[in-house]
Amino acid sequence: MADHDVDRVGGPAPHELDLRRVTSRRDLLKGAAALGLVTAGLPSLRRVGAFPAQPRHDTGTGGGPGLWNGQPVTEPIGLSFEGTPKRGGHITWAWIYEPVPQMDPQLPTTGDTGDLQALYSLYDRLTNIIPGTLTNGPGLAESWEIAKGGLEYTFYLRHAEFSNGDTITANDVKFSLERFANPAINSQYAWLNAIDTVQALNARTVRVTLQYVQAMFLDVVGHATTGIVPQRVVEKMGKEFGKNPVGSGAFIFESKTAGESISFKRNPNFWNSPKPYIDGYTLNYVPDDNARMLQVTSGIASAGYPVPYALLDQYRDVKGTRLQLEPYTNIMFIAPNLKVPPFNEQNVRLALNYATPLETINKVVFKNAAQIANSAIGKLQYWDPEIPYIPYDLDKAKAYLAKSSVPHGFTTSLLIVGTDTDSVELATILQSSWGQIGINLKIDEVDIVTLEDRFFSITNPNYDLCFFGADLWASDVGAPDEIGELMYYSKKYDFGGLFYNDPHATALVNQATHTINETVRKRDWGELQRYCLSVNPPGIPIAFGPNVSLVNSKVQGFQCLCSNFWPLEDVWINS
Amino acid sequence: MGVYLIRRIGQSVLALIGITLVAFLLIQLVPGNPARVILGPRASVSAVAALRRAMGLDRSLLAQYWSFLTNAFRLNFGYSAVQQSPVASLLWPRLGSTLLLTAYATFVSVLLAVPLALASALKRNRPADHAVRLMTMVTFAMPSFWLGLVLILLLAVKFTVFPTSGYGVGVFGHLDSLTLPALALGLGIAPLILRTLRGSIVDTLGSEFVEAARARGLGELRVLGRYVLRNSLVASVTVVAINVGYILSIVVVIENVFALPGLGSLLVTSVQDRDFPVVQGVALLLGAIVVIINLVTDLGYSLLDPRIRLSGRN
Amino acid sequence: MAVTEAAWPSARSGEYLRRIERLRRRATAERRWSTFSMWIGVGIVVLVPAISALGPLLGFGHPNAPNFSAILVPPSLAHPFGTDALGRDVLSRVLAATPLDYEVGGITTLVAGVIGVMLGGIAGYFGGALDAVIMRIVDVLIAFPFMIFVMAFVAVFGPGLTGIYVGLTAFGWAFFARVTRAEMLVVRERQYIAAARTAGLSSSRILRVHALPNVLRPNFVVAMATMVWNILTLAALSYLGLGVQPPTPEWGSIVAGGQTIMFSAWWVSTLPGLIIVLVGVGFSLIGDSVADRFGYDFRITV
Amino acid sequence: MVVDTNVKATNLLEVRELTVGFPSRRGVVLAANRVNLSLSYSRTLGLVGESGCGKSVTLRSVIAMVPKPGEILSGEVLWDGRDLIGRSSREMRAIRGREITMIFQDPGASLNPVYSLGVQISEIFRVRLGFSRKDAYDRTVDLLRSVGIPSPAERIRNYPHQLSGGMRQRVMIAMAVAPGPRLLLADEPTTAVDVTIQEQILSLLTELQQESGMAMLLVSHDLGVISQTCDDIAVMYAGYVVECGSRDEIVSSPRHPYTRALLAAELVFEPSEHRSRLETIGGQPPDLGDLPPGCPFQQRCPHAKQECSDVPMVLDRPAPEHGSTCPFMGV
């Protein structure tokens, strides 16, 4: 494995795409666009400070940099890196999330993208996602070695300081990772954890031993909630730490007005100088879609996120701004309740898939900006573009239905979030198209909390079909492991979900998630993608939609990582 | 007067308790588990259950309400687990913006209503009167969020007079960015005031003391000012107070449209987040505002009308 | 007066004739206006549902059937109100929505009215502790931003109209109660009530036969306003995301649904909004002219 | 105009051919119909009739205060020989509350509830007569004393609702006489107060009148009150002056059945027993909306006959002589 380890040192060959899960309640509340994305690749950015003048993805199928021509988006459009990075300036960012309640990375937050973004700016991690890729490169850890077939990781830290000037030591890392691993503290994300023990070998070396081989471990230690905190300060301040944090990241918490905005300022002690280029940034909480967009067009804000699909055409070409569409690796997915007949029948699920007019949905709901899903896992590592998506074929649908226990159709209901325009439109379309194979679809509109409550109840998941809009079926990590385990192997988690129970799929996931052997993983994930699309689908995959923001033309290098965090240390402002 | 005041305050406190009770029970009935909200979809059931216990949500409703009430009595509105901060610290900052907005809007609507009311009362049953009345009907029938958006479209997008949304910085920043919301809200309140005022002006105009004043040869302006308006205001001052609920209902929507950090939007989000302590806190605070406004108007009323001030009866 | 004139063939100055003419015109004008506005109101309120009954025949397309070849078409002859994001004809959706909005508005108003009149009547007639209790509750309900609670009700009862019905009724009755009580306080002092009392009639009978008829008219005026208010609340609820289930068309949800694209496809939200305003004005006109006719001031509607 | 405008008015007040109309649902109603009155210096004329007979409207039209939406359709109001009708509101204001003042039926309602007596009364002195605050105050106190209000210095701080009906009326009277008017219009000044107070008020009025020598136009439904106060009496019915003459003539030898009915009521019953008088007259006050042709009283007239429908409603003898509109009641 040695050469493999060496190969990993300094970062691997990036995968084409990366995918992370984002929890964002507010999106659904306000019918916002989907989250997560693929970024223009600047793979070597973190190691070499220099900025390539012409990023590789900037001229994608979007046709012409910065202008979307209404074609399906498979590569980023509108990213801009003109001029050379320069210091100074402040960015105001109108978005849909309320200011984070507290800023301790290991304590529970509302789980909003908003919160995670704050944590991401305030704390650095062992590894970091390489922009435009699905894999993590060095972060606070300059390099690492993997031993014992993936059971033991040794991280070599670079010299870096906390925002208060203290040096970041191995003990801080140990402390932080142990907090992350402790469900009593990190009740929210501990489920990602496979860590058994953490040792500080010396001031700059940390060794982590896992309970089992976790293929996605390097991604996990890049997750926002593994941010490195100063042990001394945290122990001194306790719960108060989250109120006035001391961080290891590019920015420092400056001020917050509940329900209105939160501000960060540049961290002069950030290890990766001269970054950050900007003096700081402010997040404005603007729930109303139009108000948010207007803040950008009227110059109050330098960026607005998200842009609802319904508004794509309207803001496609507004003077002084540019629309950034960054392909969306999160998957829109209709989850049937497999405990409720007839959804426990393979044929019924297949029928539903063939009766779903994906092209129409993409055209009408996502304004053609999305990419029709050819996978029920998502556009993750090992994603195979060659596999075709399920065509709209009513005869096939009827045929499958005929083989089921409900040959002439049935009555069922689709649980959606009422405020989410996309969901409502999608539901309305399905209502008419599924009607043609005798399925009478009722639409069950609730607010997001009720929806989550009904969906996640293990004892009696109270729904027939459930569409989560942009949320849920997105991965926190670039590897497919998380979604795989979640969807096809849910015994591991003690919460509800699909209850999909297919021995073949389970075996594949079980094997793939516990090895670091790339060939095995590639084979298994590919097979799972095929099998769970056309043979025994757990539900109805709809599309991968782009993540859309409206950005002031002066703002450069504004881009989103696949985990839906914006590394604003890379942003600068052209005068 | 003293007795009267005490009785009023007593009633108000009862009303307050009523409000919070209604708020409490309702929010409790709403499906959805705050612990789940806090921990997010992927949190384990055991973690959720633990947090639920930690939040004291496993106790009986009565116990919960009682502890809320007793704490509230000590001005401790509890702790919002969702927002991870004391409810009070969430309430106060937003109270300002809501009060400012409401005050501003009331000012705007009075500015609109008083002259129009006078005009239509003086020109009773004439075209002018009908026009004004029709106008009030129209504004009364407008969905407030719709009106808000139209205003944004006109005054912020077409002619960039005011900011489209947000709360601005500093007092003038606030006022500047509150102008549109205040206008939208004001147009919602105006019919309220206008209708009442017109009515009482009509009455007052017919009253003998106005005729007497005229017979005494007092100038028309003087008669209108010191006799007609003065007495009509007495009648219509209360209407605003009485209808605070109506007004706040609009405030909720308006704050949402204009992205204002006010109690209304806080209430909406905390209902959506099942953030019980905050909902109760807001309910209590709004209730208190209502009660205070009512008391103040009663006092103002009695200042305006000696009959009440001296006999101490409403 | 015609008679008076006839009685006076003797010469009158032209000035006199001119003045009397002006007076006569004003008299008729006022009379006409109040009937006129009344009938305009009735016209609007009746015509809208009437047209919507014919809706299907107008051939603007099925209100719920998506037509992806005609998405967001601006107003035209084929689609007077344009089409929405799913290519559905907005006008036919508005028309199809009419019965629902009338139903919700009407039923909630009616039930709230009945409850309010009864409680208010009792409070006003008997007074005392009963009065105090009822009116405190009324205070609470009127004082509080009940839209939030209607929201909560909707959330409690889940999807469907139940929550909306319960919510709007639970808070709407207070307004009727307030007006009824005030009216009742006046009525019960009237001589014939006193007479009836001394005649030893049972309170309930006095209330039913003598008092109630007198309090109904002002309540009718309030009802007209409540109608409007309820329809508006429905709209606001849809905006805040707790309205009627799709694709069931409802004015509020149509307006709210279009509000996101209001600046690009104004018609989707604006025109239905105008319908709401129109109907609202219709009801207000009726309420006002009734109020005028019986000498109530329309301030009782707020 | 029937009346020749060149006729020199010898009286303080001459009302000629006054016709006041009101718009109503049923067209135009004439509340005062060709009313002729004359009132000479420092005398008292009483207008008597049932409610709605147009006496108050006539009274108000003297100072151009016909309640809206009514308006004066024709006629003249000669004040010192100058026609007041058609004067600008400024000119009228100069006369109102200065040369002509007025007191009203309900003293409670005719005082502004939200100001203290002092404020309201001194307003007259300050605003109308240009006194300084201090002087105005003193004058007010004197004034209140002069109308027999005990401890005026304290009373002055009171609000209307704190006074008894009688007191209020005294205050009203005080305010009315304050500017030293030449004519006082009194609209049912005693209706709202009980009998004992009524006597005081009336005597106070006559007292003040003797002192100041102002003329008075007194309106009442109560012939008793009128006959006890007035020099001349005009009886109004359904907007017409049906009989007019000196008090003695009217009381001793009434020439109109309506007047007789009124008198009969007064003699048989206690004065001011409003209801019982109606009984003796019988029937309801007429609906101005539809009057029969000719004499409006015919429906209720004990001596009604065919010809009543053709009676031209004009006084057979013009004032100051004793005239009546009924041709069938010789002296």
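Here the chain labels run A, B, C and D in written order, and each chain numbers its own residues starting at 1.
Keep in mind that, in the parts below, contacts are C-beta pairs under 8 Å (C-beta built on N, C-alpha and C of every residue); 3 or more make two chains touch, one makes a residue touch a chain.
As the structure is a prediction and not an experimental result, all values here were calculated from the model.
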Chains in contact with chain C and with chain D: which ones? B
Going only through chains that touch each other, how many steps at minimum separate chain A from chain B? 1
Closest chain to the centre of mass proxy, which here is the mean CA position: B
With contacts counted as defined, which of the two, B-C or A-C, has more C-beta pairs across the interface? B-C
For chain B and chain C, what's the span in angstrom between their mean Cα positions? 22
Centroid from C-alpha atoms only, then distance chain A to chain C, rounded to Å. What do you get? 49
Centre distance in Å when chain B and chain D are each reduced to the mean of their C-alpha atoms: 51
On a C-alpha centroid basis, what's the spacing between chain A and chain D, in Å? 90
Pull out every residue in chain C that's touching 2 or more other chains. 30, 155, 158, 240, 259, 262-263
So chain B residues touching two or more other chains come to 30-32, 149, 157, 256
Listing of all chain pairs that touch each other, if any do: A-B, A-C, B-C, B-D, C-D
In the complex, the residues of chain A that touch chain C are 29, 31, 289-290, 308, 310-311, 313-314, 360, 363-364, 417-419, 421, 424-425, 427-429, 431-432, 442-447, 450
Counting only contacts in the complex, chain C reaches chain A at residues 64-66, 68, 71, 85-87, 155, 158-159, 240-243, 245-247, 257, 259-264
Complex interface listing, chain B residues touching chain C: 11, 14-15, 18-19, 22-23, 26-27, 29-32, 125, 130, 133-134, 137-138, 140-146, 149-150, 153, 157, 191-192, 195-196, 198-200, 202-203, 236, 239, 242-246, 248-249, 251-253, 256, 264, 267-268, 271, 283, 286-287, 290-291, 294
Can you list the chain B residues touching chain D in their complex? 207-209, 211-220, 222, 226-227, 230-231, 234, 304-307, 310-311
Applying the document's contact rule, which stretches of chain A touch chain B when the two form their complex? 23, 25, 29, 98, 101-102, 107-111, 183, 187-191, 242-243, 257-260, 284-288, 290-292, 294-295, 298, 300, 447-450, 452-456, 458, 471-472, 493-495
